[in-house]
Amino acid sequence: MHNLNFSTYSALYLTLIIPLVGSGVLALCGHRRIAGSLNLILCSATFITSFILAVEIFYSGSIITPLNFFYVDAFNVYLVLLNSFVGLTTAVFSGPYMAHEQKIGRVKNAGMRLYHSMYQGFLFTMLLALTTNNLGILWVAVEGATLATVLLVSLYRTPESIEAGWKYFILCGVGIAQAMFGTTLIYFAAVQIIPDSSQALMWSVLYAHASELEPTVLLLAFVFLIVGYGTKVGLVPLHNWLPDAHSEGPTPMSAILSGLLLNIALYAVVRFKMLIDPALGTNIAGHIMMGFGLLSFMVAGLLLHRQLDIKRMFSYSSIEHMGLITFAFGIGGPLATFGALLHMIVHSLTKSAIFVTVGHAAQLCKTQSINQIRGLIKIQPEIGWSLLIGTVAIAGLPPFGVFTSEFLLFSATIKSYPWLVITLLAGLCIAFAGLFKHVQPMVFGVRSHGVIKIKANMWPVALHFCIILWLGIAVPEVLAGWIDQATIMISGKGVL
Amino acid sequence: MYLHLAHLGVLLALLSAVAPLPVRHVNVGVRLAFTLLGLSGLTSAYAGGVGMLSGASLHVVLPIGLPWLHSHQHLDPLAGLFLLLVGGVSAVVSLYGPSYVISSGTDSASARALAIFTGLFVAGMYLVILAADAFSFMVAWELMSVASYFLVAHDHAQKKNTDAAFLYLLMAQAGGLFILLGFGVLAGIGDGFTFSAMQSASLAPHWEHIAFGLAFIGFGMKAGIVPLHVWLPQAHPAAPSHISALMSGVMLKVAVYGFIRFCYDLVGTLHWQWGMIVLLVGCASALLGVLYALMQHDLKQLLAYSSIENIGIIFMGLGLSFLFASSGVPTLAALGLLAALYHCINHALFKSLLFLGAGAVIQQSGRHDLNHMGGLLRLMPITGGCFLVGCISISALPPFNGFVSEWLIFQTALQGAELESGVIKSLVAVAAAALALTGALVAACFVKVFGIAFLGKARTEDMLRSHEVSAGMKWSQALLALGCLLLGIFPTFIVKSMQTIPIALLGSGLDSMGANTWLRLTPISIRASSYGAPMVLFGICIAWLGAYILLHPRRRKTKVRFSPAWDCGFGPLGPRTQYTDSSFSQPIRRIFRPVWHIDERVEPPTPEARGGRYILHIGDWAWDKLYVPLGRVIQRSAKIASKIQGGNIRIYLAYSFFTIIVMLWIVT
Amino acid sequence: MNAWILALVQTTLLLLLAPLLSGWVKWVKCKLQSRRGPVPWQPYRDLAKLMRKEMVLAEHASPIFRATPYIVLSVTALASSVVPAFAIGLPTAAIADVIVMVGFFALARFFLSLAGMDIGTAFGGMGASREVTISSLAEPAMLLSIFTLSMTFDSTNLDSMVHFTLTQPFHIYPSFIFSGLSLLLIATAECGRIPIDNPATHLELTMMHEALILEYSGRHLALLELASMLKMLIFGVLITNLFVPWGIALAPGVASLAIGTLSMLVKLMLIGVVLAVSESVLAKMRLFRAPEFLSLAFVLSLLGMLSHVILEVH
Amino acid sequence: MDIVVFTLAEQLILTLAALMLFTSFLLLAQTRLLTLIHIFALQGGLLCVTTLVIAFTYGRHHLLISAALTLGLKVFFIPILLQRLVARLDIKREVEVVGNPTLIMLGAAALVLFSYYAVLPIRELSMLATRNTIAISLAIILLGMLLIISRRKAVVQVVGFMCMENGLLFAAVAATQGMPMVVEMGVALDVLVAAILFGIFFFQIRTEFGSLDVDKLNRLKEVD
């Protein structure tokens, strides 16, 4: 292992090593009171290093470590930054939340240790999946993320949480296995033309030779990959594990699952689509993604209407938004890709903020069922108002960023597939009705008696909403330039 | 220059949203917010007025918005007129607001929320009018919708209000998406989201029809034309009165502004089919709006339904203008447009006057239902007087402003003879007859409202404890009443100053306006028709004075004796023998029976209701036939969709298994 | 300036002539029913008596109740100044066209209904409700017939309409016949004559117009009676001059004015006879049969419009 | 069509592939748990032998490590773990009635045919004699899924999952002479962690649900 010249890529390596080491350390002292703050310190350290990495990339373009083991370019660096930022804000919420859970006895010491170490382990696997250049390692990292969160989903030892954990594990395991077969097929096609077999799975190398790969094998591989990673993205009909897993685990876990893990899986699919498009020439991969995206968008929108548990409802809203982003990537034009990337950022920020607020609301009213939570604004205004504003934001109403990306998506769809816009319109309205039908009675109405205020730190949520509002009104030049670099890579030409 | 003034107005409105937050004492905060709102109203009104009179179109690009589509703002005569309208009404409402909010005793948190969202709501309306590109238009549009959603859900203790707010936001969102699609169609072909790019884009006719259809549904849903109106009668009564004055008087006009901007300015060529659709839908909205208003006994719901009727009249004017524009008679098209715009201003004035008056009555007596009111004129003379002026204006009676705009629409319809196709001519004539029927029914409706609420004997004790409202509320109503009178008496001045809009949009104004003095309004030609508004008022005063003086000698000699009213010898007549709301509208209910979904029944006498009970419920056909089935379809499809989440892990695996099999089969 | 004086003279003359017309109609009706009815100038005596009598007001009548008689009379007087009775080309004609006239009558009816409801007795409410219902059914028919006429006359100002028929050669228009009949039916409804409302009776369940002025007494009642008589005169003049304008003075010369006045008197007497005959032949209809009567008027005006569009336009 | 002459090694690989496919069929038909685990161990063994054969014939020395890993994990560690679990949870005697055995067998055969048809375009590409093994590995993966879908016992589902992993490794080894070293290690690590988690879950399900019957796990649903 000749010199990896640690100095030049220090930001990258630190970003990966800190969570790895952190997970080890927290495995030992996870149950103590300082665990929450230690977790926070580790997350902020990761955030700082990833910020430095992002600045580096912004000025020097993409970097490949020697032996091209890691590859960081405009596309995955902003996801790394988003990952660590949401990890940080959720850590701020997770400390007191888990302390409260420990105090009321729902989680014992062993559980706390497991929780904190897996929190950092989960962040590590996601960052690894983002930065690695080797598609095999990408698969291993995504599988690792699944394994890290399985035990957390069943942390509370209730029958439902165990069932959710088991389903999450089996379904994702089966899905990921298919993704592995797809990677093998890619490797099989790559070996034909790339002499050095150790480089055959390096994404950058494959991207360079993309046009020479064998189209039929790639298409077959893409089918397996889309079904495999699609299970992790939560595309309908492979989505069944998502609502159970997101609603049963501890809330900070569902915030990260919903906010980040889905993005990572979709990032993987897009990486493979970038390989396949030049080889196939036609947009079959895009059409497949559009099909899955639209199906999930419509079905999830409908399912919103029949929810009884608030966290299940917002996980269906995640499926719906993921379907929209997949649809956008499927269209593939510069405008649609820009919209999709922007939508990824805004969706993660909004959804994690909403889950944090829902966590507080559930702790406040000691239940997650929608019918028992009433009059939040009257009981604790900051929770009530942030839940309402969050729902307005996630429903895609303008002053917030979600509308901006939906606006871009609409204009792109009108240009390329005008008749599809009707389904988008119907889907949005149905989803909007479903969301508001449940949230409105929770937020308004007379306060249910016997509910006392809890100490809730709403600053991370406020920070998230300010960013989304800023993105909604005026997309800053820096971020736009950044996303435009990624758009040029993915769809060939930029938007600015 | 005055475009920056308009932006100053927007800034002040946003400031009024933020200002009350730091202030500790609620009343001071509320007053501060409303004064800022008043200032923003005046500045924008001034900027709008000057913008309209100047006739020039200003354009500026602000650095906010999407990176490649910075937000374009403009101020041309059309935008100027509506800015004047929004600014004027919000200034008057800010005079009314403080005393209304403080004396209705809202607690500090919800008073602050009210001030915040009122400021955002007014700022949103300004920005919609100033926007010159699709993105900032949509952002401002939905900011307006979301802010007014929070206002409608202001006192969310009652479930009725939250349901109304939910329906309102759902339909506003659906409408917004239709508008977005309309802009998308225009931008898609013209590949530019700024209004100037859309104007220059020449679309194929069928794309124009699609764009018009989308815009008509989108803006129509927000304006509240008939099939899409169900949210309006539930949302407006739920909001506090000064907000429903703003919503009914001004927000509906912003929707009309959007429709005019889209059809006249962006699409450019107008087709006669559009004219027919808009005219017929306008007729339907006008007729059904007033017929439903007649049957309401909740005061604010009645006013909301009458807003639908007035919007229908505005759309009839626009429809006529479309017909004339497409058949190549720009002067008459300009007349139609001017009539519609004139009615927009009039409706903004008298509807907000009526809502403010209703707010005062409801605040004092605490009753919404007309059947509980009565004899308020003696207790609240000034509010009563202003309310009377509002009723006369809305019933389109001569000296006041409602008559002028309705007269102009009649004149436009009467010129239908210019159109070449006989069928359209006869349809226009029948539409004019429908407008006359609407006018008369509105008069009937508002005789009922004023007669039952303000005249006669008080039907409940709560009426007796209500007294005249505070100065701010009185002055704002008086100002609006004066506005109604002035607009009724000097129509020539108003129409001449609005000439710049048809010149900008259609290329030609009314040619015969310049000829005669300000005494007579002769829109087509001196010979064709004329309406000497000031002479009418002068004539009535002279005749009244003459009769008064003629009878003066008699007055000194014979004194006036007071005695109980004639009761056919049955004994003292109590307040219960008066005509109630449903009895007043009973003849019309019998004549136009199929229009409503009536279920009327008499319950047999029970111990507490010895005389039995008479129950009357007026349902809305649109709601039962269109919206309830739609809701049921969605619920059923949701139930089917939820079957996918069956719970059994083996079925989930089977899904994944079959997906891979099907995909493989497709690919190979 | 003398044109304004002429207009004033015309208005006062019409004011004075109004009671004579209603007296004449009652006299002819009594003659037809072989009764010794009151002399035609009996209404003058009634009005004079009412002027002298003491006025009784209800306890809590509001200021509207006391102001309505003056408003109703002044509006109707203004309407009468606009109608071309004896001469055309008067300056007051520019004040209003036919639609504004309809607006004047609507304003008068609005205030009268409010006054009716002001007392708070059942009669006032019933009268107001029925008055407003009937008028709202009559208005579309009236406007459609005016629309048909204006399609031919190409104007809605009464002066130019009359001027058109005088200058054009005599021509029978089918649309005129239909709209004329329709206007006749509407006039009986608007003035509250027999088929719709019986002006003579005070029977509680049938009266409409009378119910509104039930509480008035003394000079207020006089004013209201004069106003309703004037309204009937205006309708008479309107219908005759629109369809049979010959004899009206074109230029303001003394001779032509005399001929104009004379021809106006003859035409009014004739239309009074027509009204008396129709009132004695027809009986008062039940309230909910009135809509059929008014929809007949609407169908007639609709036929008029269609015949104009189909037959008369080349 | 003429029989293609294979070298000895290729013949060996093809026969081992056929045997592995046969073991998958046996798994599908087997009702008793213990024998099921033994057959799974046999399949692991066959996979390990195939890896060894390929390692020697094509000189891929890093494959030796992965063969050792397979031997350790799939042949010894996981089957023993499962047996001890079965013993401790005393479900040895339980016989699980498979849905409709003949239907499942026919389905399995159809699956093999379908996977051969799906992988057909790839065959022409690879010059390697062992290109048909891709079809076999795809068949093993699909049969593994069929096993998970058709059986109700949690233990059997685990075996099905591990059988799919076997199919994956077989594809990696046979079709492309093994993946890069790092990837092999990663896959093996994941399989190990998965096995441990299975054990933990078995105890949790057992304590909460009273039995390892998967159909009892259906509280989270929307069908109410």
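Per-chain residue numbering starts at 1, and chain names A, B, C and D are given in the order in which the chains are listed.
Throughout what follows, a residue touches a chain if its C-beta (ideal position, glycine included) is under 8 Å from a C-beta of that chain, and two chains touch if they have at least 3 such contacts.
Note that this is a predicted model, so its numbers are computed, not measured.
The busiest chain interface, judged by C-beta pairs in contact, is B-C.
Relative to the C-alpha centre of chain A, the farthest chain centre belongs to C.
Between the Cα centres of chain A and chain B there is a gap of 44 Å. Our note on geometry: chain B versus chain C, Cα centroid distance of 36 Å, whole angstroms.
Mean C-alpha positions place chain B and chain D at a centre distance of 70 Å. Put simply, the C-alpha centre of chain A and that of chain C have 79 angstrom between them.
Multi-chain contact residues, meaning those touching two or more other chains, occur in chain A at positions 166-167, 170, 174, 178, 220, 243, 303, 306. Annotation for chain B: residues 642, 645, 649, 653, 656, 660, 664, 667-668 touch two or more other chains. The residues of chain D that reach two or more other chains are 118, 121, 145, 148, 214, 217-220, 222, listed in rising order. In summary, the structure contains touching chain pairs A-B, A-D, B-C, B-D. By the touch criterion given at the top, residues 134, 136-137, 139-140, 143-144, 147, 150-151, 154, 157, 159-160, 162-167, 169-170, 173-174, 177-178, 180-181, 184-185, 187-189, 191-192, 197-198, 200-201, 214, 216-217, 220, 243-244, 247-248, 303, 306-307 of chain A touch chain D in their complex. Put simply, chain B touches chain C in their complex at residues 374-375, 377-378, 388, 392, 395-399, 403, 407, 410-411, 413-414, 417, 422, 425-426, 429-430, 432-437, 439-441, 443-444, 447-448, 450-452, 454-457, 520, 526-532, 535-536, 539-544, 546-548, 551, 554, 558-568, 573, 575, 577-579, 583-588, 590-591. Those residues of chain B that touch chain D in the complex are listed here as 642-643, 645-650, 653-654, 656-657, 660-661, 664-665, 667-668. Those residues of chain B that touch chain A in the complex are listed here as 63-68, 109, 135, 138-139, 141-143, 145-146, 153, 156-157, 159, 162, 165-166, 169-170, 173-174, 176-178, 180-181, 184-185, 187-188, 191, 193, 634-635, 637-639, 641-642, 644-645, 649, 652-653, 655-656, 659-660, 663-664, 667-668.
Every residue of chain D that touches chain A in the complex is listed here, in rising order: 118-119, 121-122, 125-126, 134, 137-138, 141, 144-145, 148, 154, 157, 161, 164-165, 167-168, 171-172, 175-177, 179-180, 182-183, 186-187, 189-190, 193-194, 197, 200-201, 204-205, 208-209, 214, 217-220, 222.
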